[in-house]
Amino acid sequence: MRAVRLHGYHQQPVIEDVPEPTISGPLDVVVRIGGAGVCRTDLHIMEGQWDAAMHPPLPYTIGHENAGWVHEVGAGVTNVSVGDTVILHPTPTCGLCRACRAGQDMHCSQSRFPGLDSDGGMAEYLLTSARACVKLDPSTRPQDVAALADAGITAYHAVRKAVPLLYPGTTCAVVGAGGLGHIGIQCLAALTATRIVVVDRNPEALKLAEALGADSTVVADGTHVAAVQELTDGAGADVVLDFVAEQGAENDGFAMTRPGGSYFVIGYGGTLTVPTLDIVSTERNIIGNIVGTYNELAELMVLAQAGKVTLHTKTYPLDAAAEALHDLDAGQVRGRAILVP
Amino acid sequence: MRAVRLHGYHQQPVIEDVPEPTISGPLDVVVRIGGAGVCRTDLHIMEGQWDAAMHPPLPYTIGHENAGWVHEVGAGVTNVSVGDTVILHPTPTCGLCRACRAGQDMHCSQSRFPGLDSDGGMAEYLLTSARACVKLDPSTRPQDVAALADAGITAYHAVRKAVPLLYPGTTCAVVGAGGLGHIGIQCLAALTATRIVVVDRNPEALKLAEALGADSTVVADGTHVAAVQELTDGAGADVVLDFVAEQGAENDGFAMTRPGGSYFVIGYGGTLTVPTLDIVSTERNIIGNIVGTYNELAELMVLAQAGKVTLHTKTYPLDAAAEALHDLDAGQVRGRAILVP
Amino acid sequence: MRAVRLHGYHQQPVIEDVPEPTISGPLDVVVRIGGAGVCRTDLHIMEGQWDAAMHPPLPYTIGHENAGWVHEVGAGVTNVSVGDTVILHPTPTCGLCRACRAGQDMHCSQSRFPGLDSDGGMAEYLLTSARACVKLDPSTRPQDVAALADAGITAYHAVRKAVPLLYPGTTCAVVGAGGLGHIGIQCLAALTATRIVVVDRNPEALKLAEALGADSTVVADGTHVAAVQELTDGAGADVVLDFVAEQGAENDGFAMTRPGGSYFVIGYGGTLTVPTLDIVSTERNIIGNIVGTYNELAELMVLAQAGKVTLHTKTYPLDAAAEALHDLDAGQVRGRAILVP
Amino acid sequence: MRAVRLHGYHQQPVIEDVPEPTISGPLDVVVRIGGAGVCRTDLHIMEGQWDAAMHPPLPYTIGHENAGWVHEVGAGVTNVSVGDTVILHPTPTCGLCRACRAGQDMHCSQSRFPGLDSDGGMAEYLLTSARACVKLDPSTRPQDVAALADAGITAYHAVRKAVPLLYPGTTCAVVGAGGLGHIGIQCLAALTATRIVVVDRNPEALKLAEALGADSTVVADGTHVAAVQELTDGAGADVVLDFVAEQGAENDGFAMTRPGGSYFVIGYGGTLTVPTLDIVSTERNIIGNIVGTYNELAELMVLAQAGKVTLHTKTYPLDAAAEALHDLDAGQVRGRAILVP
């Protein structure tokens, strides 16, 4: 089958033929890919940022945001059947460890992360497990929902954690209205009555943000910290959801958080530098966020099916993976790029 | 009256005569001081660290950890009477703003912080307000409990926030077993069944920690991050309570926090430097902590009266304030130094 | 001034002249009433249901849902001035007890409840306190918002407590779409993405419910428990908000709650009868709800000002109080009846 | 093998020979029983109380509180091996449904409850599943810990849910100091600093309660509601943990709960009868409690291994099951009766 494979860091992935994955364990599932999202993390992987944490064996197939149809199942699989339309939670988990049993899939002691530590979904077929499959209505087109599998649940997970902080009268600043941010805005509008202030460099992205539910928008032109403070009587935002967290956005994000507030780190790439006196004297929190849980993905699909979260996507054939990655890097994708094999 | 007053930064405070404070508003309370704690924050104040945040008019009286007897009350005071033994919440609050009404005294929009932004309690008398007074059993000696007013509730506040994270089977690392830390250890033992691992440079402090409930101790000799990881099967502590957060302790503290765990900053003075990738990929949190609430002070007094929290103190006459400050700075105080006017 | 006064139980209140209230304490506030809501609790008061709990001295003025303009203030009042437009939290609280300091106004150890235990607001003037006043935009008409002061925050309080249980994919059954229920539906729609199923005897009320955000409606005709179960694959609703809780609604409400779910009691008058085996074997909860907090009232005003909660009201002159009470009792008020002095 | 089997309601179970259970699915586990607890629920089963909810096919083997050694495992079992010492979570769960993935094992949509709806552990061998096995130190004697498998986690689960309500200064009333209650008292003492007031008819049980951590005891002689109120300045207990909930204890339990407090139902058999006005006017909650989760059982084993929870047990040979059931019914068991095959 065709697959988008990384042979080395600081170089483009290559599209080449590899054998199809096969079932070996009783809970294995092979999925025929219908849509594979292209994520800023793919760029970070190419730069080697994830090597230390994940140390995947090169070459391998990237792509961690996948939906499609069940192609083959192991003997012990009871929750899906061949032909089912599915969206895939990005990390097949063990179901036995404390984290899995506590509803914290992301901290499973045995999980894999296809596309980061093993072969991913920018290919015709993907090997995953029964626990990762969310069954969808058969009429759903995988390419229309694939971006919910990672961009979606990551944004949703952060918003879900922030909900208790975002009662009426609060302000939530969203930094970055791209692939994740444009979903986060919709989740905020669906789950809270907070005031949503969106910060982005790109005026086009801000227009999209307004259409999706932003109450105010701020151009990230160097005066944006002051602008957010001004919108909040000098205090700062109760919650800042930072979908960028690199190139200085991380320190700006903390700076625009009000005393007693919480700065949610979702993007990455930069380095946060904060005097502990600033943390203590204002009692601010810095909250780490990684991909959401299986249940959160299921919840997000409910929002999507109700039309409360809609994706802005641009599709590319699988063979145009390089173009899609380039467009993302160049800031030329509004919403999310999706590869369709 | 005699008072310990700061005339300039980077110099010792001076003991001199000033007029006694007087009642002007209906909710004012003047307290005769029975004990005033000496805190690392007093050293930080003298270094000018708090000038930007609090900009007190110099000279002024320091001392933000106070207990004594009610000396005079305003016309509208209903909760205490002249002669009552009281411990004082450090920040007289308005009682009308959202934060006060939500049980978040520390974020009161109108609060004062005597000893930081106005005249404090290292003196014979202190002006505070009705809302700051916690009435005590008349037999209580103020000098025996004063350290609970700031060191105590700060440590208690952090522990109280951590309790939901510290179920049986977890590990809590306590960094720093000094004035705050030795109270924090006792609060952990009283409120949780977590394993308590205490980290300190000073072997004497570690001995005290063991006597107070530590399950393991680790000498902070440069191998302590590795030592905490080893004690936790390589994972790190579920919660780290950092009562130091300066001179590198802050980055060590984050490093010894397990994936999904929370690093509580309570001490201050250093600068935290963390790649956002490290925050995101492990989903760790950095939690700011400031002084606790009035209700938390009342709860802590329950623990103290039940003998579950006992203070290790060393008393000095008010006129020996300089000596007390020196001893603290030199690491020669086990527990807390208390000035007795 | 004119006032609506109850001279005995099981009889109509009388409209008569009484002296205007006056300031005696430093935190007292006298408000000129612009709108006073008529509540099912007024009917229950007339029936004597509240006598045992509140034992008001008869005769007294009823009316516990009030808005107007500040007429006179005590010497210590700092948060409002004469002429300010205000909506009144129904229970003036002490601000000093643990409950007040913990954000649980409803459990204040010293609170009054004008209209239940002392003279209320169905009159030209009302005596309240500074802590009860929420300042509004001067352009607000008190009669337009008065119903938020009790019906509003009671409904909002219950919804606010239920929010963490109502993630996407859940179902919330609202029993009773009257004065409180029609606000509750809007609060649910503003704060959650749950599916809202509304149950009422009255088809007109169900039409209003649909217009306000109900996803499904069920006529309470004796088959409604089965209908709610059918809508939820036989399981029952995750949360039931029972704004009726009398005449059998209370046992139906518990019966339509799914295993692991919560039945919120907000209305009253009936008697719940449940085998403890049914509570234990399904691990269902029964949650008591009383009026909300000052902060919740302030939050609700944010929703109202944003147009997310609108009131359906019918105004009557103060002298027509008897007619308004009759109409409410006869089920002839859609939304809320408001007396305008 | 020998097994204790129920052939009909309102009659004694019979000890007879039945075939040993065998492995059929890949995740099946057969355990050789080392200890099987005797529970009040077994008496309720014999009375037919659980027939409507569980409708087990008669005859069947009772016993839902089991520990032993792994005897045989299915092909897909990875977490335990033949010979391992294990304690068994009472409900083998699916691991795939929302409840399992959210850490709410008790609401698993596919769970079995051996001993209630299928063959249980009062026998030489028991069929369970991989997900139900908690591996123990090989030196543990199953008969010493078996009672933690149901009495233990049920008590622990209720205490764990109550912890956030039980800060210093609160009072927790424990009703019933028998098999569950004597564990609940120890869990309260290990996890909170609340004041523990224990209510029981039996002075012997109260003596044991004092030894285990009760701060006060009250004889349930008809004046106990008043006694608890007197101990709490007339207010009632913040939390009531009712391990009895039959024969009137249920209404007494609610009556001794303070305004704003929570009444936890854990025992069962009686019928709660409460006017909704009493629920609403005081905003009290009634909290259902069933058996705890796998993670909670693991946490409880940590407490047990640390010596913070110790069991008071009385062992009987398997063939003396009738005697054990009789002793329990007659109130002649302090702590828990355990059958040892």
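Which chain is which? They are A, B, C and D, in the order written, and residues in each are numbered from 1.
Here, a residue touches a chain if its C-beta (ideal position, glycine included) is under 8 Å from a C-beta of that chain, and two chains touch if they have at least 3 such contacts.
Here the structure is a predicted model, which means the values were calculated and not measured.
In this entry, A-C is the pair from A-C, A-B or B-C that repeats the interface of B-D, since more than half of their contact pairs coincide by residue number. The interface with the greater number of C-beta contacts, when C-D is set against A-D, is C-D.
As a whole-number value, the distance joining the C-alpha centres of chain A and chain D reads 42 Å.
Residue positions of chain A touching 2 or more other chains: 298. Here chain A touches chain D in the complex through residues 25-27, 75-76, 78-79, 95-96, 98, 100-103, 105, 130-131, 293-295, 298, going by the rule given at the top.
Taken together, the chain C residues at the contact with chain A in this complex read 160, 163-164, 167-169, 190-193, 298-300, 302-303, 306, 308. Chain C makes touch with chain D in their complex at residues 49-50, 53, 99, 104, 106-107, 245-246, 250, 259-260, 265-277, 279-290.
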